[in-house]
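Reading through the structure tokens given below for one structure.
In this document, chain identifiers A, B and C correspond to the written order of the chains, with residue numbering beginning at 1 in each.
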Amino acid sequence: MIAVAVGVYVIGIAFTFYWSFTSSKLFPNNNLVGLDQYRRLWSSDRWLVAVNNIWIYGVLLIVFSLVFGYLLAVFMDQRIRQEAVLRSIFLYPFAMSLIVTGLIWQWMLDPNLGIEQTLHGWGWTSFHFSPLVDPETAIYGLVIAGIWQGSGVTMAILLAGLRGVDSEIWKAARVDGIPTWRVYLFIALPMIRGALATAFVLQCVGVVRVYDLIVAMTGGGPGIATQMPAVYVIQMISSSQNVGQGMAAATMMLLPILVVLAFGGLAMWRRRRRAAMGATP
Amino acid sequence: MSAGDMTLTDTEAEARWGTQPGGVKPRRFSPARLGIYGFLVISALFFLIPLYVMIVTSLKTMPEIRLGHLFSLPGEVTFQPWVDAWLNACTGRDCNGLHPGFLNSLKITIPSVVVSIIIASINGYALSFWRYKGANLFFGLLVFGAFVPYQVVIYPLIIAAREAGLYSTLAAIVIVHTIFGMPILTLLFRNYYASVPIELFKAGRVDGAGFWQIFFRIMVPMSVPITTVAVILQVTGIWNDFLFGVVFAGRSNWPMTVQLNNIVNTTTGVREYNVNMAATILTAAVPLAVYFISGRWFVRGIAAGAVKG
Amino acid sequence: MASVSIKKLGVSFGSLNVLRDLDLEVDQGEFIVLLGPSGCGKSTLLNAVAGLLDVDAGQVWIGGKNVTWEEPKDRGIGMVFQSYALYPRMTAEGNLTFGLRVARMPKDEIARRVDRTADLLQIKPLLGRRPAELSGGQRQRVAIGRALVRDVDVFLFDEPLSNLDAKLRTELRVELKKLHNQLNSTMIYVTHDQIEALTLADRIAVMHGGVIQQLAAPKEIYRRPVNRFVAGFVGSPAMNFLEGTLTIVDGAPAIRIGDVTTGLAGYDFAAAPVEGRAVVLGIRPEQIVLADAAAAPSQVPIDIHLIDPMGADSLLWGTVGSDTVSVRIGPDDEYTVGDTVAGHFHPDQASVFDAGTGVRL
């Protein structure tokens, strides 16, 4: 059973890889064309925009949600009232579909309906905030929706990490008279590496897979302004009927994952080696 | 004995700050405390406002919405948009509302959750207690599988489903959800069983229990917490899925998320924002209910789902 | 009744040899304790007897039958674990009967055995409770019951008392000894606690580095350790070790420690002592007598550093040359830190080890 589950991934990836070297159109064929699909891929505007976008989206989303999430966690950690209620509020967007999230923010950022229109209605007519209609700024609209959906999770994971820090560390820091913010920044933060890594990985996986949000919020537009690799692959294998091209794009999507896993493996190997060397100095 | 001790109890906070009177007790009106609450309340508003807007808008009539007062309470409350969303909203020429999608989502979610959890629990048990050749390789591949973007394997799966004659059927979507749930769920169960003392397993073997007897009579009764986490993870994950539903389920089995997107992003006709927002809330209702009922278990599920290795 | 014999047993985890070429004969009805520091291979040996791990070489015989490749349930063993390992979702009774139910034993026979076992261990009132509702001592009783109810001839204990507090540990230790006297079955007991080993065992196997260093009755282990490891591991406070050189004075063996020489007449050398050999003299703290010089023929000068009152007696810490020694003294004995006193001992009670190999001479 486990072999089947694992086999699907291995065989699936193998086929994807193989078809990326063929001229497959609507259906896969065995007409090998070498690196043609990759050459075409990297000269396609649509793909280049997609790659550019995922960097912008990924870096902004991860940085903001980690910073915002940690801030929330630290503030939640101050023995505040109604902690459970606040936690529920920060976290509930994560329970909802990205389709739902996308639709909600599509409306919130709609200049004829959402925040901008409301503020105009309140008399602040010079206010301008409608990122989705401008190709230059549409990607930032997606980032806002992403932060809204994912920061709460980061908060929850980091808060659990903070609560796991040995209570004597806090007592020691208090006795030493270290200001609370310094404890959170220089003592607690390094101690919750594990929780940070968990939150980081969770966000990374979400970024690479981002598809539903785009479909619901912008459909990849305006124009091709919010194209993403995941959207590109699906378009290639469905409406564009260009399977070979889609498979080349899919293979490229695997690359960053392999790099991250390789780094992870390397880090683990080094830690193990250091532990082994520490045992026999 | 739990996998992922992501508990957030008040006693832990107490242990840190101490309970002695005075000294560490928060002063009620210090500027610092005000700042803390200010930040938290503003953040809470950021998270809550969209939901508030959705709810009030779904209760307004279209003329009132066109006035553009997004935040104001409905002048005259109407439930017609909710009825329309459920029964009459259109996608293209079909005007059956969301309820077929709701039923489809049930038909997809229930078997997918049951099947994937059964298989994953057995896999996790086998991986953590029965050391066999290649167990580590399987484990490594599973971790890898948890990270693989769906797009990388989706097309070969489409072809496989088509070859098997299952494409656009309920069976296809259930199988696909089971496959993609497998890495995370197996890791979840493996980690949980790895935290069970090995001596329990040895005691079972001394008592003469075999692979299945140890699993069903010792491990399964202990697995209530982790199964709860897995159910939460899977119900919300599968209910919220869009991509697999649109690709594998076929038009007649489209889940709620797909129908919602079609209703809202349809290009024909006038945009009925109140109906759309009611439909959106309806689609989010099931996972939100799971979330609010399960409370802390949900956080555990997410943390566990994030591959703690 | 069944004997256990382990023949040329080898177990390795990857490239690490945990047990190598190990032989051990356990007689019928004997209580054997495997004693050693953590990582010495004692638990591995027990698991190999239980059939809970695959052995790489050698054989395990139980009751005259080669069980090396038998399943644990077919070996005629019962096992008690350090963490109790009670099935958490079953009642105490469910825990006792699980193995019997798996073996599809008739209901009345199960009931009879549970009854007998519960009586023996006085756990009748606990039978309906879940493990979480039992105290540590009660849990361990149920765990012992689970082994007893199997009606087997060989019982294996894997540090069964380590998770209990000191008082309970003493109580259950006494009960285990009684139980052994009643049942008269073969018991193999793993522990790192020398008090448990000395009080419970018919014979102790002291293990280190995957090898049995010495297999003997508790008194023999204590009095005549075969090497420096056994000498140092058994006994608390530990045996004193004084480095010196063998000499012959007037035809009798003696030891030179620093610039002091003292006779070893009466020590039972295994081989004739060789002049000039580097040795270590081992004397237990209670074997050094500070007063009553006439009783003990040999003596070393001790510089007093510290007196540790311990209630029933006190420990005097000092140095002989460059070696630290401890001496058990009466609780009211008065000594002054800084003084030098003569420590007397009987050479026939002491041990002499080769300085290089650590083997008893």
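Heads up, the rule we're going with is that a contact is a pair of C-beta atoms (placed from the backbone, for glycine too) under 8 Å apart; a residue touches a chain by one contact, two chains touch by 3 or more.
This structure is a prediction, so every number in the text was calculated from the model and none was measured.
Interchain contacts link the chains end to end along an open line, per the touch definition above.
More C-beta pairs touch across the A-B interface than across any other pair of chains.
Compared with chain A, the chain whose C-alpha mean position is the greatest distance off is C.
Relative to the centroid of every protein C-alpha atom shown, the closest chain centre, again from C-alpha atoms, is found for B.
A straight line joining the Cα centres of chain A and chain B is 17 Å long. Chain B and chain C have CA centres that are 54 Å apart. Shared interface positions of chain C, defined as residues touching 2 or more other chains, are absent. Counting partner chains per residue, chain B has no residue touching two or more of them. Those residues of chain A whose C-beta lies close enough to touch chain B in the complex are 1-3, 5-6, 8-13, 15-16, 19, 28, 68, 71-72, 75-80, 83-84, 86-100, 103-105, 107-108, 112-115, 117-118, 120-121, 148, 152-153, 156-157, 159-160, 163-165, 167, 170-171, 194, 198-199, 201-202, 205, 208-209, 211-212, 215-216, 219, 229-230, 233-234, 237, 243, 246-247, 249-251, 253-254, 257, 260-261. Taken in their complex, chain B has these residues touching chain A: 5-10, 12-13, 15-18, 26, 33, 36-37, 39-40, 43-44, 46-51, 53-54, 57, 65, 67-71, 119, 122-123, 126-127, 138, 141-159, 179, 182-183, 186, 236, 239-243, 247, 257, 260-261, 264-265, 273, 276-277, 280, 283-284, 287-288, 290-292, 295, 298-299, 302-303, 305-308.
Contacts from chain C toward chain B in the complex involve residues 47, 50-52, 71-74, 77-79, 81-83, 85-90, 98-99, 102-103, 146, 150, 158. The touching residues of chain B, when paired with chain C in their complex, are 1, 197, 199-200, 202-209, 213, 217-218, 221-222.
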